[in-house]
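A quick write-up on the structure given underneath.
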Amino acid sequence: MAEKIRGIFTPHIVPLDDHSRINEPELRRYVDWLIDSGVDGLYPNGSTGEFVRFTPEERRRIIQIVCQQAAGRVPVLAGAAEANIQETLRACETYAGFGARAVAIVSPFYYKLSPESVFAYFQTIARHSPIDVTLYNIPMFASPIDVPTVRRLAEFERVVGIKDSSGDLAFMMRLIAAVRPIRPDFSFLTGWEATLVPMLLVGCDGGTHATSGVVPELTRKVYQLTMAGQIAEAMALQYRLLELFDAMILSADFPEGFRAAVELRGFNMGQSRQPLSDAQRIDRAALSRVLQCILADFGIVQPPSEGCPPRTGQVQQDRVSQIAASVIEVLRERGLGT
Amino acid sequence: MAEKIRGIFTPHIVPLDDHSRINEPELRRYVDWLIDSGVDGLYPNGSTGEFVRFTPEERRRIIQIVCQQAAGRVPVLAGAAEANIQETLRACETYAGFGARAVAIVSPFYYKLSPESVFAYFQTIARHSPIDVTLYNIPMFASPIDVPTVRRLAEFERVVGIKDSSGDLAFMMRLIAAVRPIRPDFSFLTGWEATLVPMLLVGCDGGTHATSGVVPELTRKVYQLTMAGQIAEAMALQYRLLELFDAMILSADFPEGFRAAVELRGFNMGQSRQPLSDAQRIDRAALSRVLQCILADFGIVQPPSEGCPPRTGQVQQDRVSQIAASVIEVLRERGLGT
Amino acid sequence: MAEKIRGIFTPHIVPLDDHSRINEPELRRYVDWLIDSGVDGLYPNGSTGEFVRFTPEERRRIIQIVCQQAAGRVPVLAGAAEANIQETLRACETYAGFGARAVAIVSPFYYKLSPESVFAYFQTIARHSPIDVTLYNIPMFASPIDVPTVRRLAEFERVVGIKDSSGDLAFMMRLIAAVRPIRPDFSFLTGWEATLVPMLLVGCDGGTHATSGVVPELTRKVYQLTMAGQIAEAMALQYRLLELFDAMILSADFPEGFRAAVELRGFNMGQSRQPLSDAQRIDRAALSRVLQCILADFGIVQPPSEGCPPRTGQVQQDRVSQIAASVIEVLRERGLGT
Amino acid sequence: MAEKIRGIFTPHIVPLDDHSRINEPELRRYVDWLIDSGVDGLYPNGSTGEFVRFTPEERRRIIQIVCQQAAGRVPVLAGAAEANIQETLRACETYAGFGARAVAIVSPFYYKLSPESVFAYFQTIARHSPIDVTLYNIPMFASPIDVPTVRRLAEFERVVGIKDSSGDLAFMMRLIAAVRPIRPDFSFLTGWEATLVPMLLVGCDGGTHATSGVVPELTRKVYQLTMAGQIAEAMALQYRLLELFDAMILSADFPEGFRAAVELRGFNMGQSRQPLSDAQRIDRAALSRVLQCILADFGIVQPPSEGCPPRTGQVQQDRVSQIAASVIEVLRERGLGT
């Protein structure tokens, strides 16, 4: 039996060249950097990877490049949702051939399907897929997959896990409570890095986090600290990741904020296929400066030449470091730090 | 300048054969029947047409067949949304070549985009499309297109209309109030046949209605009666259409109820690419009988051999005919009938 | 049997004095003006009337004043919802004694109750109320009352109507279709003046409209024109009312925009019990000028001394009059005008 | 300066007698039991306490009884929201006189107010209240209080904390990050016991949990284990509490499931003022049996005489104990248990 899927997987953006084509050399360079920076796996063709903005041929090519470049160093979780079940199953076959560890299949989107339809959809895939399948629940974008449906689908051996991006911690606990007793090998991955530490503490096996495409060294550290029981340190870092996450997710249409941040790490991601209006281009430049300041706080990029807004002072002080300090203090009192 | 888009367009389902391929002969036969039954235009690759469940090649083939078969008898409004703007523009070119009157492009879906992003998306298309464009607003499935965005997009000559499926009558009035003064040629089409008569009365130019793929003779009649000012008669029929519409839309995941109904008109639509669970197959059979009874009330199909539930009696009486009668009576009192 | 409830009822605001007490003389003057201006009835203690911001004693006093002042000239529909059924029934008795025509009882709010609970609540009231009851459905604020629940409650003679403020025209049609055949005396009132004309055309008996507290002469005219079958004229006025309605409802927290507008008609409404922040006070002043311009367009108030923004010109022209003209033209073509 | 509000507060139900009046002796007995069972404070007139279903006089009487009976043994957090600010401030004065530690004031409900209005409302209260104020955010029932609004209100000394019942862990973290640096004395209480342990781990000071009115010994234990850093044991108990919580909250309109459960602890709560339909009475009886089985699992009540459904077996086994065991095992591996 294949090993359980664990750790932090990166649902990465795909760099584009000046003609809006896949920038293969940059993608390979990015994959290498992610692996070198310690991510546990790669997840091409996810929501962060803008899978819906590529053609079926491009989606195949992306998986091929990533599998080749990963070359077995880390497992690849390949987003495989296509227009219909037949096409999806063809993609599953192809990705099995490329050496992917498993596929991730988002619940049917556009139409909002009932739980029974969602079940029928995944049941058919589970019966015919030649490769392990993880369910992908992202109710803000696609038909929700509810707890009883996951419970029913967990009876198919091919279904080996779920990625949940709802951000609802109690929902994750209900999933674990419903499925883990009958499927100890089933993998629970959260897509909500805003609460990665708590998700791991309730029993998640890992996560697929867009943020790990920006600061892979830090998401790795959060994961390791948490798994080692150093909750106070993990939580302090979690609070800082939350600030970064919020800056990326709240300030532009997803995943544009993440693209801006990856560029600050030295990659040329190119322009999104979703165009920006003139007003948005200005906002994007401002966002980029804010992100640079936050990343500079982590010491992983230089601050912008024009400097960052003062983060210490009468009222706001150095918010980030102060929060981190106060959280550590509180948790240490509770015996959770070292 | 091309003629304004008006009347009832049919966003039709695509018949599939036993191998889940496009059933071309049946599609051509269905197109002929729709035109013969009096629809004002065809709208392939709409939401009812399950455009997301076909491959890009299939979507092209569907438009080609429909344009060929329509052969200029009625205009074709071709759903042209593809994975990204470049692909969409290629589809626009192809459909112009096929002789489509215009394309309909749904707002970006999956991601929920901000108004500014929706504007940027359609602006780019408007600037480069070789064929007239109608916007397609369906907020339950895709990023909403708000009034100011439509107002801004109406400044592009290529944008000639909007199909709105929100079902919100006040929203339609706000659209008309914002755009008609500056673009008298702009077409306002409703996708919500539940309120077709009122939509026409506030000034809509027509609609694209899945129901017209089931009972084209009746949607036509509703349209003609309303345009002729025979409101009481139109409204009585509207109430009966609402019952049919509700039965189709509330009893199964869209558009399965419509598929079941089209089959009752004598077309072999095949099985949906979205599979049905065992429980759903049973529900589908029950729904089919209910629809047959409703359609039999209109005198356009035979009632099921096992008969229909009695529709007259102490309390409920013949609900449909009674409502129709009471509505006519009230509206006649108000001087709206003949 | 009492006469069916019909026409336009005003859910009016209650003027407050400098100590935030009910300003009785101004309330009496306002009631007189509303009746003189042609409203068909009064509806104190509605949502516009901010019933939740008064104490139980104040709510009783408001009904008493309004019933006294109306003095039988128009019927009074008294909002009677209290903390629980026992208290509500006591209010019903009191209001029956005051001479109210009926009470209006909003669905339970704060908690979001299931349809079964909503039914149980109104069933108990229906069984014990000494006065006719109208249901009040306002799903944006209170537990929704769905169609089957209204159908079940319509079997109680005491329940004589429903006011629906959902703004959903198809929902209103479903209500009428479900209830009118068994209860021809049941009254359907819309609370959504944005679509008053269409609501009347599908068979509503009238409405309770906050806007009628601002421009009672115009809501009356819309109602009369529609009932007389002069749809084109009614619709032109409807479009202008929509602009006013939107200005009042979208620009401030409800019902502050309506309070600002009533003041422009010459009444001293006082300050709301919901305080305004400094920023909001500035917005309120700006809103007041906009409303004055819209009301001046109707010729019922003077324009502000600093003038109104030009409403004619290259692109925007006189938007209001132009829309009205184009709507009339279209509808006349359809034989709906005179 | 008063001590920071910490620990588990019980938002308790109010027992009613056969005439639907406050059952004072039973309320006093219940208060004693809660305190003896280890709750850290009492929170009368909360959502669980059905404050909206009592008259203003009854609400005062409830606080009076609870303060008297608590007699300083534990602090009382008194729900003080009334019809308007003036009435609310009067209640604040009264409750200060009764010896309450602080008041809790829910955000304005019925109307959905903008953040600016919510700010203006609480600002006025903060300026005039003679007693410490905690904000109460429960967006499913009342106008949401967003992070910037809490940040602004935290500048008033009188505002000493927030109870958040959104259940959104990231939202709680954002609150803590925004406010704790400037107000280390500010208390963060969660109202979502489904995730109590994670909430405490991100830095919450405690919670106000309806479940603590049912199993106060267990919520206390969860709190103590977490504060002592025994995460694995706390989490195992958390999973079991989640099952109980879900059974109470999902199976009936809130708070009826909690009332049913408190009765199983030996208190006569009487019938709710929100009546049950016949169908609901049957469901209530079934729910009561389920709850009895769950509580029997904890060893705190006897199982029903007819027994409980078998909880061990081929597939489902003893779900509760098994989950608890597997969670402990995983967390111990991570060094989080003893």
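Letters A, B, C and D mark the chains as written, and numbering starts fresh at 1 in each.
Methods note: a contact is a pair of C-beta atoms (placed from the backbone, for glycine too) under 8 Å apart; a residue touches a chain by one contact, two chains touch by 3 or more.
In this text the structure is predicted, and so the values were computed from the model without any measurement.
The chains in contact with chain B and with chain C alike: there are none. One inter-chain figure worth recording: chain A and chain C are separated by 49 Å, centre to centre, where each centre is the mean of the chain's CA atoms.
One finds 34 Å separating the Cα centroids of chain A and chain D. In whole angstrom, the spacing between the mean C-alpha positions of chain C and chain D is 38. Residues of chain B in contact with two or more other chains: none. Contact between chains, as defined at the top, is found for A-B, A-D, B-C, C-D.
If you check the complex, the residues on chain C that touch chain D are 20, 47, 52-56, 83-87, 108-114, 116-117, 119-121, 123-124, 140-142, 253-254, 273-277, 279-280.
Put simply, chain B touches chain C in their complex at residues 167-170, 173-174, 176-177, 180-182, 184, 192, 194-195, 197-198, 200-203, 226-229, 231, 235, 238-239, 242-243, 246, 315-317, 319, 322-323, 326-327, 330-331, 334-336.
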